[in-house]
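Each structure below appears as structure tokens.
Heads up, the next two complexes both have chain A, just with different partners, chain B and then chain C.
And then the complex of A and B:
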């Protein structure tokens, strides 16, 4: 495996069974993630975008093995996580962390801030004594811009942005290499979003982190990401470097998504051409045959509805799953 | 990075959750009344027997034969064997309260363990444990007691075990439902992502968040345990005479009810007041420990 690849996801599938009746028989499956493959390179930020329910969060959680993937491989630093035992995964978690979407739900309301941040240190036995632990917690709090004097406060005494800083501090406590950011800013005010984004960016530079950044705010993703992947209904539709994806998108779905970004300039905004997609995405429990996007695609032809397009390299570093480009 | 955080957090003195709950608890008159009554009751049964001039089985041969009414020597009268009723009442309270408390503690421990495992692991574990709980709940208490007492001669330890075994189910169901809700909360997933094991998740992250309802359930369990102990002793299957408990005092007084009601009323009143006080305290705790935010 290439030295630069930190995480390699190969044909990852995450199906959730739908159970019904008193015998809890499986009557169907939700194909939340249905065979995605990609690499995350050391030091990069890979953006993952898509509509609600397209499987981007599930992908992130399955990579950390917070869900047991149905099939596929997740290779982290050369070890296949999917085949590791629960105990091995628990120990590997030191090196891969997650920042959660909702800073109100992801902090234990019964714990003081200092304790929330010290938890991961204790779980992985990283501090040799109480004093060292205290110093490490203070150091991390400083890194994320939290006043160290607040260590004895409870989460409910903080604002949303500060809580997200606590969440980031907790994720950083074990000095991980890789962090999955699951929509870390979508629960925050716009003014706070910029602060958190800048903090994440600065931490990445200072600490040499690698991010998988899951979001639905396309302009934020462009600002932050080295490369961007677009998901639709459990499949990867397109992936390339951020600039290329935004300047010359290939997939009709990506084009439609990008045309929905408002332009903060009224004359330009009035001339913006929008591609409106009709209807809702189909159910991931019963995805359409052929190309997943064919039911809403403005340029789909008969062939698209029958044969599923392969996720292929269209130009250098630019992957796409579409017959027509 | 600037300390942008400084201004936004208010400067009010921080108060822990527990301290605020205590403060709210003491604002409720009924709850405080109940609490004071219980503390008084506890003090009396602890100190009382030391101050009394009689032991619980001392017989006064001046009044032996039939129950004697209240007098300066025997404030609450004496029973047919000439034993001082007040001393026996206080000593019996000691036993009843101890058995009630121990039974409730046992029931809470069992209930929390069963509920926690059930709600955390779900699936088959949950199905089996909850069906067991259902079975335990549907066994009629009194026939069960008759059966058990036929098998064992109930000493205090066995009595506590019986009382605990008959009242843990409510707590188990409550804790299970709390765990089912809390295990889905994101902070639990966050802890899992940090590498916390199952035991740590259950007892360090989830359980502290369920401590409010558990405390309330445990308090109310004390009430049920005292009631149950009294019922057992009244039926003659609890602590055996001559050791008094409120239940068996009622039992032995029942045959003299028409001629010496002063023997039956005090133990009955004690049970009533204690259980009522426990329930007031339980209700007060429930209100005071309402989840914040």
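And then the complex of A and C:
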């Protein structure tokens, strides 16, 4: 494996059973992630975008093995996580952490901030004594811009933006290499979002972190990401460097998605052509045959409805799953 | 059938439809008085789309719910101001008169279509209920009109869908049902309270284009409440920016984006990365937090976060002044600010 590859995902599938009736028999499966493959390179930020239900969050969680993947491989620093035992995974997790979307639900309301940040240090036995632990917590709090004197406060005493800083501090506690950021700013107000984004960017530079940045805000993803992947209904549709994806998208879904984002520039907005997609995304429990996007695709032909396109390299570093490009 | 009535409200932009003057709304809570609205003034002309922009807690929703007196009381109370709708002060009319206006001449589209539709009532019944409340139609005529409305907002096989329940519609389709309801009595003003926030971007684009085309076709005025400066750029004729229960800046849409004159507006525009930008300069975040509206604020509410703030800002609230035609700003230093200088 290439030296630069930190995480390699190979044909990852995550299916959730649908159970019904008194006996909770499985009556179907939701194909949340249905065979995705990609690499995350050391030091990069890989953005993952798509609409709700496309499987981007599930992909992030399955990579950290917060879910037991249905099939496929997740290779982290050369070790296959899927085949590791629970104990081995626990040890590996020190190096891979997560920042959650909801800074209200993801912090234990009964724990003080200092305890929340110290917990991962204790789990992984990273501090040799109480004094060292205290110093480490103070150091992390400083890094994320939290006042160290607030270590004995409870989460409810903080604003949304500050809580997200606590979540970031907790993720940083174990000095990880890799962090999955799952919509870390979508619960925050616009004026606070930029503060958190700048912090994440600063930390990545200072600590040499690698991010998987999951979001539906495509402007923010472009700003932050080295490369971007676009998901639709459990499949990767397109992936390339951020600038290439935004300036010359290949897949009709990416094009429609980008044209749907309004730009805060009124004269430009009036000139822009919209590619409006008809209808809603189909259910991942019953995806369409052939290309998953064929039911809403403006250029789909008969072939698209029968044969699923392969995720292939179209040009240097630019992957796409479409018969017609 | 009676479908033509939908198209009779079309009129040119120009005549004053709504005028809000010095509106003040407070909430009397156990913790103290929350000053949600501190004397806001704005107007909407016939056929105009006014966007009200602000972050959570800025008072943008309270501001428009106050128009229809939909503020829950207690704890809320409108303590001052006037709301003139075609010359009539809505704060002075009785409940019966107000009911003919609510859902009639003024209708509301709420943010979350799942919680604003009745889950145990068929959508057809929900639409016809409003129609029959305001118009003298037989149930059959009302049903036909409801079907026409669903068709107009782009719901396929509308006559069949009348008998479906809200849960049988997707999020985007539910918002279309809400729009059909809002249009049902040919309103002159539609208040849209973040109608696309809960929707995915491709669905959001569908709804924005739908409202734009309906507005052009029917000539309805729209107040669009949003925190998304992109959507506002696409839709609005004029924009009011709210902060801490005040309108801090008000201008025609091109003017506001091209020459913002309030430090908060500039901060908001600068904190957004652009979809079409290759260059990655560091985002200019607005430091600090929005103020707590509990208790009285002294001076300009934005002063603690403002890099232009001086002594006067902390002591006296700035009046709104006109810096260009139809461009008003409430800032002591708006000249310095629009010149891009630091004090």
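FYI, the second predicted complex is superposed on the first by the 325 of 325 C-alpha atoms of A that agree within 3 Å, B and C clash if a C-alpha of one lies under 4 Å from a C-alpha of the other, contacts with A are read in each partner's own complex, and residues count from 1 in each chain.
Here is the rule we use: a contact is a pair of C-beta atoms (placed from the backbone, for glycine too) under 8 Å apart; a residue touches a chain by one contact, two chains touch by 3 or more.
None of the values given here were measured: they were computed from a predicted structure.
With chain A as the common reference, the superposed partners chain B and chain C fit together side by side.
Look at A:150: by the touch rule set out above, it reaches chain B but stays clear of chain C. In the superposition on chain A, A:37 makes contact with neither chain B nor chain C. Legend: residue contacts after superposition of the two complexes on their common chain; A:195 is shown touching both chain B and chain C.
Judged by the touch definition given at the top, the superposed model places A:261 against chain C, while chain B stays out of reach. When the two structures are aligned on the shared chain, A:241 is found in touch with neither chain B nor chain C.
By the touch criterion stated above, A:159 is placed in contact with chain B and with chain C alike. Once the two complexes are overlaid on the shared chain, A:220 sits against chain C while remaining clear of chain B.
Of the two partner chains placed around the shared chain by superposition, chain C is the only one that A:276 touches, whereas chain B remains out of contact.
Of all Cα pairs linking chain B with chain C in the superposition, the shortest spans 5 Å.
Of the residues of chain A, those at positions 159, 195 touch chain B in one of the two structures and chain C in the other.
By the touch criterion given at the top, residues 64, 66, 90-91, 93-94, 97-98, 100-102, 105-111, 119-120, 123-124, 143-147, 150, 152-154, 156-159, 162, 165, 167, 170, 173-174, 195, 199, 202 of chain A touch chain B in their complex. Against chain C, the residues of chain A that register as touching in their complex are 51-52, 159, 161, 189-195, 197-198, 201, 216, 218-220, 222-223, 243, 246-247, 256-269, 274, 276-277, 280-281. On chain C, the positions that touch chain A within their shared complex are 55-56, 170-173, 200-206, 208-209, 227-234, 236, 253-254, 257, 267-269, 271-278, 280, 282-287, 289-290. Chain B meets chain A in the complex at residues 1-6, 8-10, 14, 16-17, 185-187, 189-197, 200, 205, 208-209, 211, 292-293.
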